[in-house]
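Two complexes follow with chain A in common, the first pairing it with chain B and the second with chain C.
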Partner chain A sequence: MTQTTDAENNLDEFVKFSAAVTGFSEFDLWGTGQAEEYYKTVLNQEGPEAIRKVIASDPSAVPSDPVVNSIIKLWYVGVWYGPELVGRMDVAAWTAPGRSGAKPAVPDDSRPEESRSLLATSGRLQDGEDRAHGEVERKPLFVVSPDAYTEGLLWRAIGAHPSGAKAPGYGSWVNPPVFED
Partner chain B sequence: MSVSESEPAPDPKIKTIEELYDYLYKGLQLEHATLPPYLTALYSLRPGTNSDARHVIRVVAVEEMLHLTLVANVLNAVGGKPDLTKPGFVPNYPTRLPCGPDYFDVHLRPFSREALDTFLKIEKPPEAATEQDRFVPMDWAALGLTSDGAPPPPEKLAQLEESGTLFGLVPGEPSKRFASIGEFYEEIIRGINHLEDQARQAGKTIFTGDPARQVTPEYFYSGGGDVIEVTGRDSAVAALTLVAEQGEGLYGGIYDSQDELAHYYRFQQLEKGRYYQKGDEPNEPSGPILHVDWDAVYPVKPDIKMVDLSRDPEILAAAAEFNQFYATFLTNINLAYNGQPDLLLKAVWEMFRMRDSMNRLVRNPLTGHAGKNAGPTFEL
Partner chain C sequence: MMSYDGTDQVIFPAGAATQTSAAEAAQGVWDAVIVGGGMAGSIVAEQLGQAGYRVLILEAGPGKDMDLAEYESYLSRFYGAVVKDNQSPYPFNPNARMPRSTDTMPVDPNTPRDDFYLVQQDKYCTDTTFTRVLGGTSMHWEGKALRMLPEDFDLRTKYNQGLNWPLNYDDLEPYYRKAEAELGVAAEVEDQAYLGMHFPKGYVFPMHRMPLSYLDQTVARGVDGMRVNLADDEYTLQVRSFPQARNGVPNAAYDGGKGFVPVGAVSTSQVEEGERCQGNTNCVPLCPVQAKYHSGKTLAKALRKGNVKIVTQAVASKVEINDHNQRVAGITFKKYESLGSEKYTEYTVEGAVYILCAHAIENARLMLASGMQDMSRSKLIGRNLMDHAYLLTWGLLPEPAGTMRGTTCTGGITDLRGGRFRATQAGFGVDIHNDGWGWATGSPYTDLVELVDRQGLRGRDLRRTLGNQISRQLLLAFMIDLLPDRNNTVTVDERYKDALGNLKPVVSFKIPPYTMKGAAFARKLATDIFEKLGAEDRTTYDQNSYSAVEYEGQWYNIVGGNHLAGTHIMGTDPANSVVDRDQHSWDHDNLYLVGPGSMPSIGTSNISLTMAALAFRSAAHIVKYLRAAKAPAVVRS
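Right, the complex of A and B next:
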């Protein structure tokens, strides 16, 4: 067996902590296929010190650290809401534009000037970007990846499937939602 | 494979209706046995990557499900009863399939060059066979099953014949096996012709099955070709021919009679990095380039078993639940093949749930197996 690296350990710890705060099992969180991506997102956005602090904290603490809230929301909806946005109910990245079809769901004043494009940015590093915190531009709101949307825990929590993905089969809508334990 | 019409075949192996049932059961077992390996490879592909490979493997897997249904229709048409719930129906992987002079192992493993190579062997068109070399002497020693090469003792042999761990044996003749799966189906077609000729001479038919037991197109949607309702000799031969040619191509061509690219050539596209298009010769695809990312795959532990999961209780529980669900699923499919074809529609919903379960399993890293992930074990 090869020696486990610090990076793998940190990822494991991140998933373990996430399980405690989301109410889903570690198995379910790994099962989304998003663990690495989410870990990197938090690392890039908040930095290694913040993530270390969060993981070491008591998962049952109330009120929780805003970064913890960001992590919970990340797992449930696949969207990174920076701690400054995480409590906002009017911010829904993947339903933009709003009902009118024209108005963006996120008011422009809720975001810094430089991150106006709503859906185009992801947590993935672009060419030339450096992974280290501080050199990556902070993006308070973005969909982590196309799969993050379909893997959001919210779908399983409500016994539904993400519209347009993970089709449950023709005619399955005659059944009530299946809730898991 | 050439399909003989009703010309008398030289000494058919199938001489009774019970023997025909046995062969068709083997056919069901064989068609199903390809699914766990294909599905394991399919779901090992990382989300958002390998869309070409995903599409190719998915189409083949769906067509294998069509084949299973077609064989069940033939068995029902001649008055038999499909049974997908018999012990041994699902192989304990790896299983073995014949390919010309050799047997090869079929593993449960993630998508890789080795997995693709196995898939190509599974679907490989047989060499043009003369009557004699449709059969190959069975080398039991080479398989490690006996030390002297003679067939195993009757008890062990019966167990091997019943389990899905070895395919292509000639039932009742343990010293021989079929050269290929194509020849196995050819033998079934000869048997049907032989038995039906005999029956007709006596003013009867072997197609005595209840038509209500047929799975007809309204119960089967897939895009994997049309399900054929089997009501007599012609439709039985058509169904079995479709099973053989969807894998291997028709008369040495790359397409089957429904104008679908045969499985062997579908897989070959991934090996060659290029799609086939109309007018292409075998082995020389000239269509658009396709891209395979061999590294964008979850490293599922090959031939994974429940015992490999002992250090991961959550994974163990999920794998056990999957196997339980799969057993129930096969029971439901079996009911569908035994007079309740409408259950197939519900089974599709179950398939989607199994897809989600398999996806979760393959994304979970294992403890104590560095760099390996979990996967469905298919231990029923």
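Right, the complex of A and C next:
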């Protein structure tokens, strides 16, 4: 048996805390295969002190440290929304899979100038095979990896599958939805 | 698998997209030069190739072969993209840019910027898009494959609105069947024989209808039998399945009992994928398994013939015209080296006949940039730009209805596509969106942010509320007819150029009152439907958005349908149209303009099936033209 390192302990604690705030079991979370990537993401973006503070906090506390919100959303959709983007519906709308970036129900005045630059950056990212996991610099908004998208817990919560992945099969849509929980 | 020339139909011949160099193409002797490797271009190329002609396709988009690895790279890019709009799977390409809905905003000519492709200067801007990769917009289209109604072809005569076509439903009917075979349409005649649409006795679609989603069935319980009064007529509504160019269960009765073999995923080697829709709910922007038709399926067939060649990364920049006889003398194109470099070499290619298949906006842009409006007798190049006006309405159903499952859309209401009311207001089709409120609100991600950040939900509470809330979402998208209007235009302007120095398209597009009257009626109908279903109406419109349109004191948001058409309409003479009923240019004898730009109206059907039918019909005429052409192709020395 190998010795348990601090890093492994921290990861375990991160997953335990994540389970409490997401409503999925630790088993579910490990099963996504994303735990290490997500832990690294939070660590790189917010630093070791912030992550320690979060893990030690009461998972049921509301309002919570905005980093907690970022962690929940990370598990649900695989997107890192930096704590400064808390509550930003416009940003949420652009990042959702869908036909159009021009969502009529998202008011234009919720697109301040700085959000334009987020958009422009992501538009460029398209050509980039550089997925920019946020390891080199602090970034307010990115998809952790293509797999992070398909492993989003959101889709399981709604009795569906990620748009464009894990298809349930021909004709499966005919029947009423089934919720795991 | 259906055998084709003794081998698999879906095998893309390895190297076909790269083996013909631009220099060789420019020195080659071609019967036909086609601009654009999308749906129209692929169909025409395949048909001419089959007739034995030497065909060259110039494709502006990036140039690797169509194989599964490349297709998977689109999918992976989509998964990893921060902004998942309908162009997100496709690489950013400065040399052949595409409009993105996220770029939609008015451009101020005094503020130099380059973060857009479609130049729009009006307060109202359309977020419409088209795609410039090999396969064209068929890569991201949704796959609805409705025929136009017989009455759509003579709106002017019947309702004193819009323009008549120089063709009627019966002229096009045999070609609709060809298109339905090529695209692999899943539908039942019994569902589709409404409002005058008719089919030859014994006809069945290649595949059976896509089953209606549980959400459709939920809506049908409230809507079926609902009566609507409109302009002194009463209409009875029902939820009906849409014909879709998507693989389903083959109909054994097809083609006199020969049956139909669905065409699966295209690749350079055989892959077992795409033979039936799996319900990925991602038709737009990309079907992950290629169960949805894309024109790569036709292109693979075309390129398997030795006489059809393609040059990719080749942006047509000028149609060369012989001043003496107005004939096209060649197509000049810029062959760029890579997506990362703006280095290019210019070539001119010659053929006996030229066919522009670059879609409504690019066809017009190319002709205008070539100065062809001066030679046009109708002066209608780039005018009459059309697109369906989409009005979105959304409500929350009382019970979970399984939203976010199925194909993007399986069913809807089509009873108000036609009728006498079209004398005063636009007809529309209604899509029941299996992907919930996503298009309108950014759901389900906005729900997540709302619940986590604004309502402070955590743990099981969050998980259950999300499931309950999203599975009850109903979005009705009204696809509203928009008539040709000379003032809706594509133009070019020297101030706006792309990386290769090609002029960008400048679009000015307004939603006419006729369409808005239909929109206002649609909004009221949605309210009635939501009430019938016990759904809470959640629709809101933002009057500050660039998609805002005011009509009779109310604000609406009208979003684009990506059904661009009308920029080189067909008609009965050179004064009223750019092309004739065969899509043959009135002004340039050896030029055809094949694509939705030729459509003089778009009715209430998604344009692709009609475009495909027209492409088949024109291909037959181009074969005749080539047979008759006296002059053989000339090699430029």
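Convention: the second predicted complex is superposed on the first by the 137 of 181 C-alpha atoms of A that agree within 3 Å, B and C clash if a C-alpha of one lies under 4 Å from a C-alpha of the other, contacts with A are read in each partner's own complex, and residues count from 1 in each chain.
Rule of thumb we're sticking to: a residue touches a chain if its C-beta (ideal position, glycine included) is under 8 Å from a C-beta of that chain, and two chains touch if they have at least 3 such contacts.
All figures in this text were calculated on a predicted structure; none of them were measured in a lab.
Taking chain A as the reference, the larger set of touched residues comes from C, when chain B and chain C are compared.
In the superposed model, A:Y170 makes contact with both chain B and chain C. Residue contacts after overlaying the shared chain place A:T5 against neither chain B nor chain C.
Of the two partner chains, chain B and chain C are each touched by A:S145. Counting contacts by the rule stated earlier, residues 145-147, 150, 167-172, 175 of chain A appear in both its interface with chain B and its interface with chain C.
Remark: chain A residues 1-2, 4, 25-28, 30-33, 145-147, 150-151, 166-172, 175 touch chain B in the complex.
On the side of chain B, the complex with chain A involves touching residues 46-48, 221, 314-315, 317-318, 345, 348-349, 351-353, 356, 359-361, 363-365, 368, 370-371.
Residues 20-24, 59-60, 62-64, 69, 72-73, 76-77, 79, 81, 86-89, 91-109, 118-127, 131, 141-143, 145-147, 149-150, 153-155, 157-161, 163-165, 167-177, 179, 181 of chain A are the ones that touch chain C when the two sit in their complex. The touching residues of chain C, when paired with chain A in their complex, are 75-88, 90-93, 100-104, 115, 127, 211-215, 217, 248-249, 276-282, 284-286, 288-289, 339-340, 392, 394, 400-407, 410, 434-435, 437-446, 448-450, 452-454, 456, 458-464, 466-467, 470-471, 540-542, 544-547, 557, 559-560.
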